[in-house]
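Please find the structures below.
Each of the next two complexes has chain A plus one more chain, namely chain B in the first and chain C in the second.
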Partner chain A sequence: MKIDKEKYMPWIMASPALAIVFSLTLYPLFYSLYVSTRSFELTALWKDAFIGIENYRRALNSDLFFWSSLLKTILYALGCLSLEMPLGLGVAFLLNRAIKGRRVVRTILALPMVAAPVAVGLTWRYMYHHEFGVFNYFVRLLGITPPGWLTNLNFAMISVIIFDVWQWTPFVALVLLAGLQSLSPEPYESATIYGASMWQKFRYITLPSIRSLMTIVALLRLIDLLKLYDAVYALTRGGPGIATEVLTWYLYKIGFKFWWLGYASAIALMFQYLVIILSVITIEKMAKL
Partner chain B sequence: MSSERTKMETAILALVIIAILISAGTLFYVMSIVGQLTPLAAIPEGLAELTAAERDLAKALADLGVDIAAIEERLEKVEEAVKPPPPTPTPPSAKKVVWATIAGFYSDWAEAISKDFTAKTGIEVEVVDIDYGLLYEREGLEMAGKTGAFDIITIETLWLPEWAAAGFLEPLNDYIAKTPAEEIEFDDFEEFLAMQLSWKGNVFGLPYYTFAMGVFYRADLFEDPDIKALYYEKYGRELRTPNHEMDWDEFYDIVKFFDEDVDDSIVPYGVGMMAGRFPHIADEWMAMLWGLGGDHFHDDWSIAVNDPIGVDAMTRYVKFLKHAPPGALESGYDAVVAQFQEGLVPVTMAFYLDQWPNVVKTEELIPGAKVGVDTPVGGLGYQGCFALGMCADSKNKDATWEFLKWLAGPEGQYSFAKGGGSSCRKSVLLNSEFATAESRPFTGHFKALHETFELMEGLPKPYIFSLPEAGKLYVEMMIHCSLAATGTVDPKTAMDLLADSYATILGWYPSLSPPEDWVPPE
Partner chain C sequence: MVMVGKTTERIVATVLMYLAVVVVMAATLFPLVWMFITSFKKETDVLTFPPTFVFEPTFDNFIYAFTKSKPPLSLALTNSLIIGACTVALVVPISALAAYSFARFNVGGGHLQFYILTVKMFPAIAAIIPYFIIFRELGLLDHVLSLIILNTLFNLPFAIWLLFGFFREIPQDLEESAMIEGCSKFGAFRDIVLPLIAPGLAVTAIFSTIFTWNEFLFAFILSRARAVTAPVAVAGFWTQRGILWGPLSAAATICIVPMFIFALLIQRYIVRGLTFGAVK
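For the complex of A and B:
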């Protein structure tokens, strides 16, 4: 039998890499699925037994902390995304102009996102501190009662969002800037000739042109936001109370503090499918813009 | 012709070899018989015990003129001369051990002291520093995976039962038994700490660094005549410095007084508290719980945290928070030290006495400030320690033991204390060398530390320290104390939720009592 080399050669060439990827993704995925059906506890292996969907039932039916952390995660992600996308787009527009020092600004803009999140987060934690933080120092100078950035139940999540927006808006801006710079000037010239306003140019020329890029950026940010861990670790450790206990933080507690790997696997798998669903929804929403 | 000759030569050679073997065997057999014979010249009593064959052989040798008695005497002398010496301890063959410890000043000291050990023994110590927030899971993962990454691990007292039950830790009883007493001086450890580090009769850790809780206060403020007069006017009693003889009601009055009645320019708040979502909040709450006579479990192991005493402890804790700086809700021990150094607070809640070297710096930062240290209010606190344990999967157990016994031993602990470390040995804490004015900046808390342990002497080990689930319960304590402290829920609800969490972790939920077939761990 003659083998069609042209048809199979790409697969052959890619097979080593595919093998590595599958072994690092598919195998852990299936193993997680297996573990999620067991009462597997790392420091008490004698308790290991098959329990079917009991872990899933427990999370969905009786674990209030699971639902609380899931809700916080979604609110956090939507809050950050709703700020980062317009801010990033605005910064991109500003940088798209031929202004002096544009390159320097671009370099400085990249600094927050290249710094290690935990290191920067710890710095922000001290800046947020009620007694010793620099933010409240300036607030006091204005004669205002300083807020509890990380101690107030309502403010704590906002503080974490502010930190994330500060760190990752530049990423959105730089990616969208690349998109803006790749746009052809002819449609704008035609629009100007026809008397289109700035908003009309933006709405009917710019936005459709960079829609796919915005979708990709939004998707990447959404996935990152749903996986939030570093900022919570550095700033609040899930507190005050459970005000910032997002799902990954809760999952970390279940998996690495309690060692309930069966239950943690079930939560992680459900979370994974949630991320996929939200990603699909995001793509469809952005496509309609 | 030549092949026949070869066969013949081979046959002859084989016969010669067989003959040699038989002769050698016979000779050895004879020698062994000779060694066991008693002198024939004296019709030995033992001869009667010989077998018939042995008697015949002995008689035959005597006929040949062999002086069996002389041979035997010579053999005895040779035996004595070549008697093997008593077995000496096998020196550790490994030249390196890996020690996982807490990042920060703990590991800075660890690096320094490890060099002393290496210079003494030649065994190299690699210090791996890990952030305290990640220490439990990092060490647990390595031990669960049997990676052998660490030989020595740093154990917090509440983690020990879980790791011991899981077989992660090597029992140290045999090592302790074969170590000369003067090298380990086991009875010199503070009794309560040693008790916490044993489980089911086995010792799994040696204490080396204690964070036992006492109280720090601004002695200059407590001794200020104007402040004392004001306090007397308001409360009708003398302003006393806090210690174990003071109850929580009186302490609350003092805290409230400093917050509301003493001018903010002197001290703006009443107490420093570690109410952030760190394990420290649980330690503060436990000090109150035990100080009020409560506990996590009753004698029948039913859960007690949501009993009236547990709820009272949490309610009082929330009341104290009203007089702490607002940043208390995000503070760990480092922030409270900073608050003390900045003159924001006059006194701490139950606080880690090992922070003395940091807290006493207040005297340099605030003119006229004088720092006092004493036993905890209510008499009890979370009196624990960091201990050193040997990983069960360590490949260098002998070398590991050498380091363990040295660091926890008298020499290592003395060296540790000289560097300002909070030793776990009575002899070190009571050493007069550490009670001088010169050493006060580093060891001024030793007296209070020892007295804190004296208060624990004779007390049984709190039940929670026996449970393999203790580490998990500790995490839940932190979360639920934070829920109450932040006002997310009221103290009663927080303690009810905590009780439910305990029951879930222990597998008893919805009951708060153990099932009939549940066996206590110790």
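For the complex of A and C:
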């Protein structure tokens, strides 16, 4: 008997985690699938009936708000990535130089990431305030008329992007800094001997060696950006109008304001699969690192 | 002359570099400092333009936040502590056992571990819909138990991957020699490996605490009055009649500062934690 117990010990040790993860993900997943085929509305339960793929068809074929929110999510994610990646890389290079106090700087950079997004988001809302906001004050000092940070239909999205850039550029910077610091100095030394310029060293030594890390960072950010909810809640609640109504906010609205849980499940599942595909690509790359 | 030129150039470059570092630091810190300052301002100093940089500090906002807020801030902080403590107490041992079995015995050949990490990447708003319906049927809405369950589930994947890396760093010979001397697999894990990865367990516990404490969406959707958490209470200062900026800043400060202290404790491991152990 003792031998058997030893043999299965690894599985026994893994079983609590496996039981929790599988029971709490597979059952809800199938449940979602089931609900997504019904016209389930929490405030109109008498309507609950099987309607097949109608919810999916409705989202893909005739729901302009769904498509608009998807487009906004993509714009938002691309906006953030295109700022966070170069800025983060720049900060990483800056800190990779032999500067004094790097430890302190790194610690400070980590602060925005560990702050609850809703809490800092709301304090940013105060800074963006159209009347009393400190950003208006700074912009006026520069002699520029402040935009309606969160009230202007075109600018609101930019304001949400700026907030994310503030909170998450440090993540990009810190990860890439870790990558830069693990590079061996030898290729650089020989490149110097052969008279390579700074740009050549960057282009032909640094960039290729941290390229896979950059891809992973970008993918991790992308997944987080698609999932973003807290910042929109704190800053704009999807407004003004539907200017910042990203997919997560739209899902929240139809699921937990209109209580169309059947329809919301259909969109949620499609969204979830999209993110899972991205996750699989990311994890594969991380495993190879 | 050339030498002098080179030196000046170098000095200028160094000055510019430090200047850039200062700018980055200022941009990072300013919003946090502004929140902190605002929490000590009287309402007349909060609602004024141009903003006041010099003012008479007051504790009124903190007093208001604790005595008049709805839902009560003290209840929210207590709930957050309970949810955080229970989640960590579940996540750390369960993930340590699983991570060890993955790292040493390759249980599931990597596939299980892989599946588990995808859970971490589920979009919360999509995942919450079935949980909401299920918890509603079980009568667990507005109950800390439902939040402990979800936080445990969503922290396990990250904890397993992080600890997996820590286990991999320990040379296998130690356990092997112990097992040759008749120690069981579990015995080797408990008596030899576990003490060695104590720092890893602490880092995992702190990360789980931070993630659970900051979690907003599940708490916001699953709680009404009894089970509210700290971030939900902060959001509660956005009332029907407008946003109470002073008390909000005070509550946000209370919500955020403890996590800064945790971040200081694990600052060497921040990158590792946020990349699920992929980057050391």
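Methods note: the second predicted complex is superposed on the first by the 256 of 289 C-alpha atoms of A that agree within 3 Å, B and C clash if a C-alpha of one lies under 4 Å from a C-alpha of the other, contacts with A are read in each partner's own complex, and residues count from 1 in each chain.
Everything below uses one rule, namely that a residue touches a chain if its C-beta (ideal position, glycine included) is under 8 Å from a C-beta of that chain, and two chains touch if they have at least 3 such contacts.
Everything numeric in this text was worked out from a predicted model, so none of it was measured.
J.: Here chain A is shared; do chain B and chain C fit on it together or clash?
T.: Aligned on chain A, chain C clashes with chain B.
J.: Taking the superposition as given, does A:123 touch the first partner, chain B, the second, chain C, both, or neither?
T.: Touch status of A:123: second partner only.
J.: State whether chain B or chain C is in contact with more residues of chain A in the superposed arrangement.
T.: For chain A, the partner with the higher number of touched residues is C.
J.: Who does A:99 touch here: chain B (first), chain C (second), both, or neither?
T.: Touch partner of A:99: chain C, not chain B.
J.: Pick one for A:43: touches chain B only (first), chain C only (second), both, or neither.
T.: first
J.: Quick check for you: in the superposed arrangement, does A:151 touch first (chain B), second (chain C), both or neither?
T.: Only chain B is touched by A:151; chain C is not.
J.: Which of the two partners, first being chain B and second being chain C, lies in contact with A:241: first, second, both, or neither?
T.: first
J.: For A:257, decide between first (touching chain B), second (touching chain C), both and neither.
T.: So A:257 only meets chain B here.
J.: After the superposition on A, what does A:221 contact: first (chain B), second (chain C), both or neither?
T.: In the superposed model, A:221 contacts neither chain B nor chain C.
J.: Give one of first, second, both or neither to describe whether A:72 is in contact with chain B, with chain C, with both, or with none.
T.: neither
J.: Taking the stated contact definition, name every residue in chain A that is touched by chain B in one complex and by chain C in the other, in rising order.
T.: 125, 131-132, 233, 256
J.: Which residues, counting only chain A, touch chain C once they are in their complex?
T.: Its residues touching chain C are 6, 9-11, 13-14, 16-18, 20-21, 24-25, 27-29, 31-32, 35, 91, 94-95, 97, 99, 103, 105-120, 122-127, 131-134, 136-137, 166, 170-171, 174-175, 177-179, 182, 213, 216-217, 220, 223, 226-227, 229-230, 233-234, 248, 251-252, 255-256, 261, 264-265, 267-269, 271-272, 275-276, 278-280, 282-283, 286-287, 289.
J.: Give the list of chain C residues in touch with chain A in this complex.
T.: Result: residues 17-18, 20-21, 24-25, 27-29, 31-32, 34-35, 38, 46-51, 94-95, 97-98, 100-102, 104-105, 107-108, 110, 112, 114-119, 121-127, 129-134, 149, 152-153, 156-157, 160, 184-186, 189, 210, 213-214, 216-217, 220-221, 230-232, 234-235, 237-238, 243, 245, 248-249, 251-252, 255-256, 259-260, 262-264, 267, 270-271, 274-276, 278-280 of chain C touch chain A.
J.: Which chain A residues qualify as touching chain B in the complex?
T.: 42-45, 125, 128-132, 148, 150-151, 153, 233, 236-243, 253, 256-259
J.: Help me check something: in the complex, which residues belonging to chain B touch chain A?
T.: Chain B residues touching chain A: 133, 136-137, 140-141, 144, 162-163, 165-166, 168, 276-278, 325-330, 335, 338-339, 342, 344, 468, 471-472, 475, 479, 482-483, 485-489, 505.
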